[in-house]
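Comments concern the structure below.
For clarity, chains are labelled A, B and C in written order, and residue numbers in each chain start from 1.
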Amino acid sequence: MSFYLVQILNALSFSMLLMLTGLGLSVVLSLLNFVNLTHGSSFLLGAYVAIWWLGSGAPWWLAFPAAFLAAALVGLALERFPFRQFYTRTHLMQVLLTYGLSVIFADLMRWGFGAQIASPELPEILSGVVFILDMPFPIYRLFIIGFGAVLALALWFVIDRTIWGAVVRACVTDRRFVETLGLDTKRIFTVVVAVAAGLGGLSGALGAGILSAYPGLDEEQLILALIVVVVGGLGTFRGTVLSALLLGFALTFTKVWIPEMSNVAALAIMALMLVIAPQGLVARKVRQV
Amino acid sequence: MTETVKAFDAAAARSTQVNRRIACVAGLLVLAALVPFAASDYQLRFAAEILIVGTAVLSLDLLVGFGGLVSLGHATLFGGAAYAAAVAARAWGADLTLMVGIGIVTGMAMAFVTGIVVMRTIALFFLILTLIVGQIFWEIVFHWRSVTGGADGLRGLPALELHLGFTTLDLSSSRALYITAAVLAFAAWAVARSFVNAPAGRALIGTRERQLRMSALGYDIARIRMMALLASGAIAGAAGALYPFVNQYIGPNSMHWTFSAMMVVMLVIGGVGSLYGAFIGAAICLGIQTYISSYTDRWQLVVGLIFVLTVLIMPRGIVHGVGSLMRGKGKP
Amino acid sequence: MTIRTGLTRRGLLAAGGATAVAGMLGAPMIARAAGQPLKIGMVTSLSGPFAGLGEAMRAGIAMALAEYGNELAGRPVELIVEDDQAKPDEGVRKFRKLIGQDNVDIVSGVISSAVALAVRDVVTEAKALTFISAGSANDLARGAASPLVFRPTKTNWMLGHTAGLWAAEKISKTGCITIGADYAAGREYIGDFVQTYTGQGGQVNQQLWAPLGTTDFGPLLTTLASARPEFIYSFFAGSDAVRFLKQMKDYRLHDKIRVLGGGALFDQEDVVATVKDAALGGQNTCNQSPTAPASLDFSKAYKAARGTLPGEMGTAGYVTAQVIKAAVERVGGDVAAKDKLKEALLAQPVDTVFGPMTFDPRNNQAILDIYVNEIVEGEGGPVNQVIHTYKAVQDPGPSA
């Protein structure tokens, strides 16, 4: 019993990581119709910044805002140039541009942080375990579950219940109309891209405690996030959450039951979802014609 | 990309442009024919590899350039055929006809399976689903150790030969391999060209441009796309069948999604929708990767910069970019 | 012979100019006298998953060559390092380039077993003198052994087998679970361990496999926690190893379950230096140890140069140079006489920082001392301490 309870917690913590990484990608995709493959780089940058911060002796909890800020700043710069010119281009061109950028960032980070694997020194209060009956479960993973849930709720609240969220949603529906109201949509887009990149950095900072950081992690996380976002239905909040949970549980429980085949099984489940729902789990209503 | 090919069609309509393109292709052919006389053993084999990979990229161009279907699973068709050829070669010997036959059949079979799964998806959904299907194939190859050698791949392949009935040609030398690859590349280019000019190819462009209108006109979109996939699979498969003989080795990397991504990059750098641009893209990418890494550890930085600059300055690829520079029009 | 024909062909293609013709005519006249540079090519992974390992290997060979004053048997040495990205296709291309274009006298390197296997036919066909520094697939000492391919490193069997002996003798004959990365190397390590261990009367309760590149070991660790084994035998490498050990500690299993591993799981530079105390108490069998008597001086020099004790790859790079030095000096610098060089190298052992190294005449595979290391708290953090040495372990070779 406790065995399955812990496995469910395992799945939840991994799903939260997938969701947080996916959300940043998803927001940009839904709002700007922009495929940002540098999201993996934001993740890795956040991870490195957090590791560096945690090793520096400064208050540990500031590591997360620091990672958010670092990634958000890079996102901000990128939005000015060259993302902005590519919002109206085809997805293929966006993919190539951002893929090229992610290759550059990967190499720059390797230059700056080295090719060796880096691992954070977690603070005392996050590095213990709790026992569920007799099975150990790391506190840090509980922290990720809690942090992820709070962050997702906050994001949902901002987008769905505040005036800023309303403006952003209005931009998605009809950008020109928002502009006639005298709002600067360009600035809105800049903020959204920066925040999304920051979210990527934040998930990297959180993920580093489990995954460590090394060259190549950016790509691994990017692919998982892309699968999550696309299977969820491009850029729908509920879809991303659902699909992250699905992938997290699939990857966890296939490892419990059929560890050797876990990747194939999890991939097959995701493929099946797209075959059944070619527009993703939660499809946006798109006018055709 | 849509605009790319529209422009390409418009250009093709003008006869001067057609002449220029024919001159271009003829130039490339002459160049290709001269290579065996000028290059070393190593360079010849490298050139053969470029032609083989380029042929696979050309088959991808059928999907991307004419069907608007950006696949991230194309290496599956190429690598799958390569494995089939390698396994067959170990069992029955490496006769060229047999190899290419097996490659084409495997490529088409895998394209068919992929096609059935991805049929209903478009755009990013198509991209991700082809990626997932490709990775499932990759996992199978990676785990099926008794047949594929797993992570270590297959080596110890017999030398490539061509049985002509009265005599047997040994194709294992670099020069023979290059000539074989060049013939294959030219044949693939000719087949692809006739495919896009045939009604099926025209209909494919139609599905890309105006999907709803095409179905209203009574075209079966799924069927047209499947035909494009099969044609693409056949060409990729034929190229894949030669691939193990470049290095007398085949490994799971040849099926990995990163190789698929590389093919897309090669295609875009060369020029989407031009067919022969595939070879130029393959040459540039493989050349950079092989030569720049000898000089600097930062070669990935250089590769990334070249991608980004290409996308920024020559968004329609080297072929169009250089073309428009020559015409003195600057960038489109 | 290679040098001259190589020069000729290269000259021909260079530009077709007058210099080339002169070079071609001149080529046969150039005597392979002392003083002509000795070109050593090394292919290692400088990008991709093994980038850190590759940098260490390059640093190792560069250190050794610098110590020799960049000169072997009176010939200045030119080292050309190429990146294989840990991809076999890329590795083969780089070997072909080194042999066909750069005309190196000796090729060496390779971390990934898959790359080592892939290049085997290429170097064999080219009759190139080859020193595989680290790629350790068993088959390279068996079916894929080749007359001019030398392997100054272990095979996976040598580590799996000794771990089986050690576990049965010193740890426990019951309550063992194996957990390994599900790819060729993992299968070989675990398979060879299980064979020897059960042959010694040990019992394996369960075998778990994690996909290569597993990010989250949580589900598997929970399975381990509920199975409560006496000890586990495990093989992971690189980032997988770091995550496995870190997450073991996250789940507080590191002080409940003893871990015995392949050398890579507790590699000093690549893993232990990163996971630090999460590695404490772990044991491994490895052909390298920073605390082995043969390695002490080198370990000190390496730490001074790179800030960390050497792991297997840094040491392997250094050893490659030591073995090449021995071979080249035993033939007075005349590396074109390949058979003579082989004979001389096989004739007597080479003293390396791995330990004394004898080559098996059947397959050119090194016969090596295998150390049992335990991770203990050292001066500068956790360190691989030798607690036992299996002398002169020899792969069963072609007979297996």
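In this text, a contact is a pair of C-beta atoms (placed from the backbone, for glycine too) under 8 Å apart; a residue touches a chain by one contact, two chains touch by 3 or more.
Keep in mind the model is a prediction, meaning the values are calculated, not measured.
Contact topology of the protein chains: fully connected, every pair of chains touching. Among the remaining chains, C is positioned farthest from chain A, on the basis of C-alpha centroids.
Rounded to whole angstrom units, the spacing between the C-alpha centres of chain B and chain C is 36.
In this assembly, the C-alpha centroid of chain A lies 33 Å from the C-alpha centroid of chain B.
The set of chain C residues touching two or more other chains comprises 47, 182. Shared interface positions of chain A, defined as residues touching 2 or more other chains, are 260, 263.
Annotation for chain B: residues 143, 300 touch two or more other chains. By the touch criterion stated above, chain C contacts chain A in their complex at residues 47-49, 51-52, 54-55, 182, 208-211, 213-216, 218-220, 222-223, 225-226, 238-239, 242-243, 246-247, 250-253, 269-271, 273-275. Chain A contributes residues 35, 82, 89-93, 95-97, 99-108, 111, 219, 223, 226-227, 230-231, 234, 260-261, 263-264, 267-268, 270-271, 274-275, 278-280, 288-289 to its touches with chain B in the complex.
The part of chain B that touches chain A in the complex is made up of residues 1-2, 64, 70, 117, 120-125, 127-129, 131-133, 135-136, 139-140, 143, 212, 257-258, 261, 264-265, 268, 272, 298, 300-301, 303-308, 310-312, 315.
On chain C, the positions that touch chain B within their shared complex are 9-10, 13, 16, 46-47, 80, 82-83, 87-90, 92-94, 96-97, 99-101, 113-114, 117-118, 120-122, 137, 139, 144, 182-185, 187, 212.
Interface residues of chain B facing chain C in the complex, by the touch rule stated above, are 38-43, 45-46, 49, 142-143, 145, 149-153, 155-156, 247-249, 251, 253-254, 289-290, 293-294, 297, 299-300.
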